[in-house]
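Below is one structure. I have some questions about it.
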Amino acid sequence: METLLFVLFGGTAAVGALAVVLSQNVVRMAFYLVISLGSTAGLFFMLGADFVGATQLLIYVGGTVVLLIFGVMLTASGPFITIKTAPSQVIIASVVGLAFFGVLFLTVLQVDWNANSARLESEYSASSLERIGYNEANVGNTARSLGAAFLGARFDEDLGRDRKELSSGYLLPFEIISVHLLVVLVGAAYLARAKRRVTRIEEE
Amino acid sequence: MNEIALEGYLGIGALLFVCGVLCMATKRNGIGVLMGVELVLNGANVNFVAFSKFGTLGLDGQIASMFVIVLAAAEAAVALAIALNFYNNHLTIDVDRANELKG
Amino acid sequence: MAETDRPTTNQFMSVEQYLETAESLKWLLTVAWLLPLLGFAVEIFGGYWGDRHNKVASYLAVGCIGTGFVCSLIALFTWGGATHWGHPEEAVAAAEHDHAHDEGHAHDDAHAHNDGHEHDEEHAHAEEHGPEHDDEHAHHVNDPYSAAFSGSYYMLGQFGDLTVSLDYYIDGLTIVMFCMVTLIATCIHVFAIGYMSDELTDDYEDHFVHLPGGKHFHRPGRFYRFFAYLSLFSFSMLGLVIAGNIFMVFVFWELVGVCSYLLIGFYVERKSASTAANKAFIMNRVGDFGFLIGLMILFTSFGTFRFANPHPTERAVEPGLFQMLRGEHGDLHIHGEGREAEVFLTTATGDHDKSIPYWLLVTAGLGIFAGCIGKSAQFPLQTWLPDAMEGPTPVSALVHSATMVAAGVYLAGRFYPMFTPEVLLVIAYVGCITLFIGATIAIVATDIKRVLAYSTISQLGYMMLALGVGGWVAGLFHLITHAFFKSLMFLCSGSVIHGCHHEQEMTRMGGLRKKMPITAYTMLVGVIAISGLAIPYLTFPFIGNIAFSGFYSKDEIVATALTHMSLNPVHFLLFLVPLVTAGITAFYMFRLWFMTFAGEPKDEHVYDHAHESPWVMTAPLLVLSFFAITVTWGMQIDEEGHLKPGYLVNALLTAEPAHVGEGLTEAGILGLSLPGHHAVHEYHATAGTAALIAAFAGLLISYLIYVNRAIDPAGIARQLSGTYNFLVEKWQFDNLYDAMFVRPVHIVARWPQAFDRNYLDGFLHALCRCAVWVSKWDRAFDERVVDRLVNLVGDVTFAVGRSLTVIQTGRLRQYVMFIAVGVVALFALMFVFMPTL
Amino acid sequence: MTAAVMATTLSEYLQTADWAFLPLDAVWADAAAAVVHITLLAIFFGLPAFVFIWAERKVSGRIQDRLGPTRVGGKFGWLQSLADGVKLIQKEDLWPKAADAMLFRVAPYLVVVASFAAFLVLPFSSDWVALALDAGLFVALALLSLEVLGIILAGYSSGSKWSLFGGMREAAQMVSYEVPLGITAVIPVAIAGTMNLGEIGSMQSGWFINWFLLRDPFTFLAFFVFFTVTLASNKRAPFDLAEAESELVGGFHTEYSGMRWSFFFLAEYASMWFVSALAAILFLGGWWTGIGPLDAWVAETLGGFTANILGFVVLVTKASVLVVVQIWIRWTLPRLRIDQVMMTCLKYLVPISCFLFLATVLWSLFLPHVACFGLAKGMGERTAVMAAAPRAGDLSAVDAPAVDSVASFSPSGEGRR
């Protein structure tokens, strides 16, 4: 069952991504991107990260891609303008891309991940598998733990042990990001504002 | 039934990543380049979340991916604003035309 | 006695009360000390770009120092309330009255305590106050926390054993000095508002600076600057007084020197003023050299700079200099004889594990005293003081009464426990010589301020003499009284100079008392006070004798000197010279007054333009004259000729070092005997009478010469022309120093100059030519080889960069591709070269 | 493993029960459970559309003083939608030459899928929910926001400027209105301390005074803001600029016809019902009748299943009333201009919702025991009812310690176990 789902989501994501690369039409690219990202969200759900998946859907698919399509609409001179890439570049890119993917995939296959994680756990003596909150994360209800972590309390690490003090979470990055978003908001509004021509009053 | 191990997710992540890079490298449309960036970030995200489950990252992986998503949205907004500005100045969105800085 | 109803609930000070008093005293005096600094900062930084017609700076300065005086006064009363005004016997009486049953106990306990633990460190902190040595002061010394409060403000740093910190040491002397300094400084500040008012201009014409073309020098007024300096001066002096360690004393000592330099050279454009400032500064450095030597010796041997234990209520943590050197009775622990003699020191452990050779102690004392010589213008460094008259008159008043010269005497008094009898003898002789030199020169001086300056030298000699012959209280007592009447007289002379439009020659004055009556009669008060005239043996209730302050202090000094002579007949000069000089003092002081204020005007021009000074100048005169009369309030000489100490003396007595009161017999290598209180009392009547007679004689002669004109002064000068010229030339000191130091240095300097000119310069010129020649070659090398190489490198770089621009297409996608290729290449390399991964 | 994606309870039952051909293998059990759930959801998804398309015509008819459909299916024409559907299926599937054929065909499916997927997390009663996610509300909003993609693609791919304008308007409007929608939806979340829709609903049991609507004046206002915003996000009048007939012919669906066109309407009415149900759950007490003893009595005497049915009926009623109100508004208010739409959102709704959010939080901080209109909280003795009401353990089968810890953080943490 899980394999089935993985093949479904993973395959869709991969095919979507490839389609994004191969497609020449920007709007179709956006559509394939939606497919790919949505499938990735499905992968996230499978990985027990339901909140991340939902965020992916809401922000990425619902927000960012809409924004991109919006941008396409605002910048395209005609409805189906495609800017073609030179064939030589396509060939070079495909060769390099294949090599790149091969390298990455080789790496993925070559590394003994279990041994690595075992080594890490023995080094840091914090077995992630024994963490209470962590195992619960598989169930898929990570919203509370994530929210608490953003607010500076790590239930997944702190509970179930005899620790008296909470380990620090991500409150500061969270706040920084919020300020960052505000800055982005203002900056984007400034950059994209309509340029008004100054009319000279004295000439009238 | 075979459990899908870490390698599968990492493979998907790698594929997304490479596709993103290729997208960035081949698309002449500025917005296509942006989409490539999104794909790259997404590939990284898949790795984060996969490690959060199979590796030692725990919740940290999910938190990192959350930050990535949020910052990607911010980046997209700014990049789009830049693209609009570029379009206002050049009446095209072809990134090859943005070569004023060539040596 | 003015005060009759003293609170009867006073007891011996408890530890809590002591701490409370210490805290309040500390803060009061600290405020009084730091306020002038604040004033200085504001004036110096806020003044110059302000309005030069504005008097704000002066008001600020007066406000600061006036508030300081109020604080000091409160401190005085706080201290007086806690220590019963140095009348411990009355406090004891009060305590006995209240605790009639405990009386025996308290007394016995106190005794037993002292006797039983004589060497216990518990009592180390009380040592300099001394145990009972005199019946009259038997009681207050029983109290371990009687009158001295010491502690530390802030530690500046610690370098190995050396601790440099800001300490304070507050006893009766400190507080009395504070009150005196702040009061006099306040008066002088107020006076200066009037005196310096012609500086309130943008265009001040200095009539004493002659430019070529017969013009005078013009400059903006410096009202602000003057008051800023005055504030700094006050701050430095107060810091010196409150200082709790000898290092801090040294720092403020130098600061006082700097301030005096700035103020004496206030009219910096006048050559005489700048020279005088330099002279004062440099001569002080000579003394300070000795001071530094003494400081080093003390630190090397004692390991501390502090006067006393900074935590007096705790068990002797780290004893100060005095506590280490002197035992509980103020005795030295001397072992050995002659050159091998050593003085053992009491350390924190209570053991005598440190020691200092006796001769080294003498050297240290002499070194410290060398500093005092410089600062207090003692023989042989006295010549700077008359020249210091170049400063504005308020400065002279301040320098001569409360601050600069007082610092030397104060230090000698403060450091008294460290002085061995040998040093004291040196002090006495130096003082003796100084007082005679000063007085004799004053006879022939005609500049009104110089007369006063020489009189200051002379009076300082008196103080040093008093300290030297064992009259600790007498010396410091005279310091206080002298400060009042000398500042009064200086301000009066300032008033005269101001009224006569900067005429300072007495020969051109005369009859001014009609024109400026307040100045004249306040001056008369000062003259009488310094001369020591009085009508003793005529006692009135509340007032005491009809006598001004100077009488009592001079009486004390002469009496002590007489006692000293009786104990050490060899040193008879130490009595005779001051006695004779007392007469001379009266003579030249009255000469001054008669020449200035009495008789007929000698210069019509000056007389016509003379006018009384404004109130802002005369009011301080009145205040000071009041204090010149009454500062000794409460003293009187009873029918037997015994002197009953007043409040001031009692206050000073509480701070008196332990070993002074009972005197010494056959002490030191020279076998010198110093008079104790008891001994001095025996000679009061005799000495007083002798001094009085001498003073009246001086007055009479002066009257005969300058009023009655029975004797022609010019005739005397002609007859004794050699002596007269000798005196006019100030005993040839300046010429002597010129011949001894300045000229030889000039001569010696000429040789190196010639060497310099003839040999060194030639060599250097040759060297330069050589260098120029070499550098020409170097330049050629540089241009042909180095530059070309550098250019080559640059060109190559440029060419490579130019060729590389092909790669930089500005195309985003290409860059991405480069990155991707680069990553792949890196991975490939990794796979190839790191196969074990 | 698949718990996050699949409903577990039914599948477990199928694996453990012992009758007929049961127990099943895990795979088949999962598949069977999925099929059952999907079928149920599809019914819940399609039925409202059918009913409300009919209702729309009837209501509009009444408002315009007409009768509306009267013939098909008897007296009220209640089978009109079915007839329409049959007609539309029969129509030829065609697309314009200028259109991007692939996107043109895919867009309606995207809309329907997004709308349908949102039903996954909607609890129909206290125990009836396909996915009891902790982030339920969040997922629901996320899935709803996908709908707009399909519409934009549809507008763009039609190759018609009317469609393009419609799509662009939709994009601008949706992106803007998601902000106040999110903020007003967060208000009940902040009160409840959870995003789990089941838990949010459970907290409003007992008397109607426990509904979040009546909690304090600000939630009262927040409900209306939420309702307004959902109107806009469903592009319902007066915010239906994307399909403004008077300007854009048919907006984004100008070029569509037949089954594909009907998919848009299916999705629209389904999401209308969905957001109404969401509003009911967030503010109007969800599946509780508002009469505490009645719920308790039903649960005690008739059992949990009956109680669930009652809850389902109550929720459907509440949501339907809201949908009717939406229809009512559509035929009452005139359409706004696009700039007015944007201004309404950015200048009014966003600040208002921010203010309401702040005020609600502050109310929770400073007046935690004062309900709206001066009524004391706990009047409905919610805790007693909740103790009595059987609540399936799996509803919040989450990490117990974490929940307890978080409970102390939430403003009204007493509502949970």
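Chains here go by letter, A, B, C and D, matching the order in which they are written, and residues are numbered from 1 within each.
The working rule: contacts are C-beta pairs under 8 Å (C-beta built on N, C-alpha and C of every residue); 3 or more make two chains touch, one makes a residue touch a chain.
Quantities reported herein were computed from a predicted structural model and do not represent experimental measurements.
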Greatest centre-to-centre gap (Cα means) from chain B is with chain C
Please work out which of A-C and B-C is bridged by more C-beta pairs in contact, and write that pair. B-C
How many angstrom lie between the CA centroids of chain C and chain D, rounded to a whole number? 93
Using mean CA coordinates as chain centres, what's the gap between chain B and chain C in Å? 81
Centre-to-centre distance between chain B and chain A (centres being mean Cα positions), rounded to whole Å: 7
Where chain D touches two or more other chains, by residue: 1, 27
Listed in rising order, chain B residues that touch 2 or more other chains are 1, 3, 21-22, 25-28, 36
Residues of chain A that touch two or more other chains sit at 1-2, 30, 48, 51, 55, 63, 65, 67, 70, 89, 93, 96-97, 100, 133, 138, 142, 145, 156
Which positions of chain C touch chain A when the two form their complex? 813, 817, 820-821, 823-824, 827-828, 831, 837
For chain A, which residues are in contact with chain B within the complex? 1-3, 6, 10, 13-14, 17-18, 20-21, 26, 29-30, 33, 36-37, 40, 43-44, 47-49, 51-52, 55-56, 59-60, 63-65, 67-68, 70-72, 74-77, 83-85, 89-90, 93-94, 96-97, 100-101, 104-105, 108-109, 113, 116-117, 120-121, 124, 126, 128, 131, 133-134, 137-138, 142, 145-146, 149-150, 154, 156-157, 170, 173, 177, 180-181, 184-185, 187-192, 195
Touching chain B in the complex, chain C uses residues 804-814, 816-817, 819-820
Under the definition above, what is the set of chain D residues touching chain A in their complex? 1-5, 26-27, 30-31, 98, 100, 102-103, 106, 110, 133-135, 138-139, 141-143, 145-146, 148-149, 152-153, 156-157, 159, 164, 167-168, 171-172, 174-175, 178, 194-196, 397-399, 401-403, 405-406, 409
In the complex formed with chain A, which residues of chain B make contact? 1-12, 14-23, 25-32, 34-36, 38-39, 42, 45-46, 49-50, 52-59, 62-63, 65-67, 69-74, 76-78, 80-85, 87-88, 91-94
